[in-house]
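Read from first to last, the chains carry the letters A, B, C, D and E; within each, the first residue is number 1.
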């Protein structure tokens, strides 16, 4: 009878509030994994069960949710909710109880704690802060004529601020000259004044770290104001979303932006990814989430894949054993080979830099296949060449 | 007559004692986490009601006071690692100062104008915090708890502290309500001009109410950094504090100190339960429905309802 | 500067409903932004399924929203006003409504960012060196038209005057031969109908999710109060002041402080003129 | 009973461009029964608003018991003993009639002299004014006239030295006017100085020892009631016929 | 011809009964005075006619050229629509609207909208201060000025029947006679029917044709002429100070 008891995995997830657009697809991905695992007989011969609550994108709910999961629901394993801010309050709880935590898209969460049993699925690498921007500036630095001046701008929020810190570091490293460096409140409505101010600086490089509404606002404003830098984009969250892509359409052309996944041949080579996407796309409409699921969901799936593989391999639910195994092993997941290093980050960073090319109109079909989001960086996943300068790709 | 304050003191001590006993029971840790949040709302609702219920000045800026308490604590933790009692006192005092500030606003602003001004204040303050890197700016800041709480786990300790703070808040509110101050506030709530002409020092009473209310809101916020261990502006300035600070006394009843307590316990518990039992966005939906249902069905608050039922 | 004016026109459109319902009827409808977002989703649905122009949709949906508003008001009336305790409890009621709308939207349409497409989006005209985006120009013009229409309605029609009076003395209004409940229903309906258009404008300017409403609560009420409760002209002026302030801050100083500056202006104005710019 | 209790010196008050009071001076002697009359809108209420501190004057001085109170807060003036009733009643709506009296008793009367049992005192005042049957009602349940009485009762509860009654008798029938007059006479005998604003000439004539007439914000006459009614300017501006 | 008939009306507030079996009648073109010291139920009776207070028993109807319109089932606004206007006790102005806006609202009734010019001119002529202060907020007017506005506003609705609850409260003597004279003027010019509750007996009887005395919610006396009223002991006692 004991063997049939389910293994419970507990987490809080942003189903409402600011990050719910990411939290809900992440939940679906985890659910797909659960179904996959259970179809294959579960873990350790026991079925897997998910216990999760809505954290409302509010860190203040996290301590309550996780103590409930641990003390009342008595879950066996925990993973984090989506995003840095929701992982941070989980850290001390996990540390106090010596749990293994798998973090879903956190940035540098473990820098302060240096907790050895924390692992994080965002492919940021050992230097999380520069991870978003590194590809962007490396690409910029290798173009001819080499751009000189740079404008950076971002929202007053957790992720954009971190990205800007990284960008500043990289600007110094590559020897560019900063001509504009400002932030704006996330609830800004009209971005044309900002874009106009940037245009006035005539910067060669425009690096934007923004959340979805501002990404759209910046991009539209850039078109309306006629912003023509040599390279534009960088850390714009939201352009990866299908709903945004299908409404921005050809306005996207030429933008060089970070990404995690694109339907390019180099990415589709990983085992299991196609099956996952098929399943995801079949269930997306009902779950009310992004219909394609190209950006984050594969990683959420990979996160639990890591956990599952660790359980299977150690044949145990012992937190320390699991952590030791995860730390030592290279995993084969639907997003490729994953090996964790310092502070539980990926041993080697792998944030993509993609460029939108040849987008015509707003149809969704064109985004399903390759060629629209060409991977430029890193080298080993490269699927095409950059169109430079920005204006050359615009139409 | 003299026995009254003594009895109140006794009741207060009993509650604190009970809190300590609960803390010592080492039941399920979750109880303390949830209990902390509910108690935190008891303090917030009680504090809000001193200004909003007794004096009739509706403060939409509750998040500002709460967050100011929290960020004062963050600042002190960052700079001096001051002990918790100091944090609480400092958080309270800084918020009290802000309260005094908005007290002067009441000199000219009444009704909705006052409410919107407090809302504005909250936004201005949030912007300042967002741009202040030392306390984490917009990125937020992880706060590491001091090791070795005086007893139990750190959370049972925080829980006990909150029990104490609730008792203090409620005692203060009760004292105000029953004293000449409360009667003066009620008079100025009804008609400020007439109150002034009847000898009520309206400005002084309002300043008193805003300051005390601010102090208690700050006090509620001060332990928050140690509770979540991660403070960032969006959650510290969360709109929920404004909504709850208002809704809880409304649901309980605004004219008596019991009202906010009942409201906070009911709504606070309901929210906590909804968060950890309903695993979807439905919990917000249900909170919405509960709010609507409560105010529609019990228009004078639970107290009013009880009074009405008893009357019959 | 020009951008600020355009933004101001849009803000005016968004705030008119609040100005009417909160400013004149004295109903603390904190859910107004949620109705605006509802308008945005109506525009989105019509746009993505039938390719209908968002603003046209906004216009077409005004009767639907009017009706919705009338229903909500009747509920509010039945539960609060008739018993004579309104404002505060009503506030809690509308907070509830806000949550319900928000969650219903996210259940139905998910939490993805939604945008619309229209011929004028992404285009701009050049006026003496400054490019003016149609995306902003059109909402601004519509906002101005709405302001004017509402102003005429209030100052020139008997219904309008009754709307201005209804929150001051209900019995007296009945003695004038007007039914306060009917007047309020009409005005509330008009206010919500305005939200339909405002929502359409909003989604042409920026993408929306169900929780976008929270960003606008502060602004909408600040504008209404800054302009002076219930003054339509004041609402427009206040909206433009806020729009210009935000834009100027964004262009010349650092956008980071723009919101704080706007609300700082509000505080200063209130300190000098406690009833707002055009308050009575 | 000599000596000036209240002295208003060159008082000016403007609302926007409209001058409601223009350099008005008058003085009220201790223990006097003083009448203030004038056409509607002549500035009577404005004047006592300035005296009681509800409005800040734009010019001039106000002295009470020889002390300059021009900038004193309203509640302080009440505590000094200047108490007014409102022409348009402003009761504390959430309190019963009895509780309404509690506020001035606590804040004004007892702030000065510790003595006194508030309950007995309130009951006494209500009996005097004829509201004892309504002691436990809320103001919303009173008629306009009863609310006016409540105004007066509340003012009495503040134990004034100077009582300013702003049209306390408007709308009362003659018997009732007589009742209130008798009450005011009694208060006056107890040493309270009374300023009465009233349009009911019969009451003004009977009550006042001295009358000042305002018209369009200026003082146009002063004298005994008998002198006043014979004054042609007053007749033209105020009395008619 | 039209008349208002009140028959055997009981009314009150909650559990408190204020009127007991009150019957009165106001016929076309008449001016009827309603006398009684305060708290006796004058205003309550008037509120019953206007549909503001619902009688617990009895009937109130408007008999208009033989058709009988039951007023107890009509809402206040419908009653106003029939051409009955009230100058309420306590003025009840819209304090945040200007004098002019208050007056225009008085003409809300459809039938009155055509007469705005004429009625406005009449009001301004009767009370010149209203013209001067057209743009001032009603709430900032002096007590007496507000009373004038209340009277003028009621007249804006071109009523056929005017109910006046103590119109002279707070008016300077010179204006009391003015108000009374103006009501008389309207009555003469437009055949206005008036029911007036008024404490100033001497002024009231200047225009009243006859009157009722109400004591403790009961009609104690019905005087068919002002002389009859003047001679009644109650009037002597309460109003004439005898």
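Here, a residue touches a chain if its C-beta (ideal position, glycine included) is under 8 Å from a C-beta of that chain, and two chains touch if they have at least 3 such contacts.
If you're wondering where the values come from, they're calculated on a predicted model, not measured in any experiment.
Undergrad: Determine the shortest chain-contact distance, in steps, between subunit A and subunit E.
TA: Minimum step count, subunit A to subunit E: 2.
Undergrad: In terms of C-beta pairs in contact, which of C-E and B-C ranks higher?
TA: B-C
Undergrad: Which chain wins if you rank chains by how close their C-alpha centre is to the centre of all protein C-alpha atoms?
TA: Of all chains shown, the one whose C-alpha centroid lies nearest the global centroid is C.
Undergrad: Roughly how far is subunit A from subunit D, centre to centre by C-alpha average, rounded to an integer in Å?
TA: 75
Undergrad: What is the distance, in whole Å, between the centres of subunit D and subunit E, each centre taken as the mean of its C-alpha atoms?
TA: Roughly 29 Å, centre to centre.
Undergrad: Report the inter-chain centroid distance for subunit B and subunit D in whole angstrom, where each centroid is the mean of the CA atoms.
TA: Centres of subunit B and subunit D (C-alpha means) sit 43 Å apart.
Undergrad: CA centre of subunit C versus CA centre of subunit D: separation in Å?
TA: Computed from C-alpha means, the inter-chain centre distance equals 47 Å.
Undergrad: Could you list the positions in subunit C whose residues touch two or more of the other chains?
TA: 102-103, 106-107, 256, 259
Undergrad: Give me the residues of subunit A that touch two or more other chains.
TA: 16, 18, 20, 156, 183, 185
Undergrad: Would you give the residues of subunit B that are in contact with at least 2 other chains, written as numbers and ranges?
TA: Counting only residues that touch two or more other chains, subunit B contributes 127, 130-131, 281, 284.
Undergrad: What's the complete list of touching chain pairs for this entry?
TA: Here the touching pairs of chains are A-B, A-C, B-C, B-D, C-E, D-E.
Undergrad: So in the complex, the part of subunit A that touches subunit B is made up of which residues?
TA: Answer in residue numbers: 15-16, 18, 20, 51-54, 56, 58-65, 67-68, 70-72, 85, 88-89, 91-92, 96, 109, 112-113, 155-158, 161-162, 183, 185.
Undergrad: Over in the complex, which subunit B residues touch subunit D? Could you list them?
TA: 180, 183-184, 186-187, 189-191, 193-203, 255
Undergrad: Any idea which subunit B residues touch subunit C in the complex?
TA: Interface residues on the subunit B side: 58, 105, 108-110, 112-113, 116-117, 119-121, 123-124, 127-128, 130-131, 239, 243, 246-247, 250-251, 254, 281-282, 284-285, 287-296, 299-300.
Undergrad: Quick one: which bits of subunit D touch subunit E in the complex? Just the residue numbers, please.
TA: Contacts found on subunit D: 15, 37-42, 44-46, 87-88, 141, 143-146, 167, 170-176, 178, 199, 201-202, 237-241.
Undergrad: Please output the residues of subunit C touching subunit B within their complex, sorted ascending.
TA: Interface residues on subunit C, with respect to subunit B: 22, 28, 79-80, 83, 85, 88-93, 95-100, 102-104, 106-107, 214, 217-218, 221-222, 224-225, 229, 256-257, 259-260, 263-264, 266-267, 270-271, 274-276.
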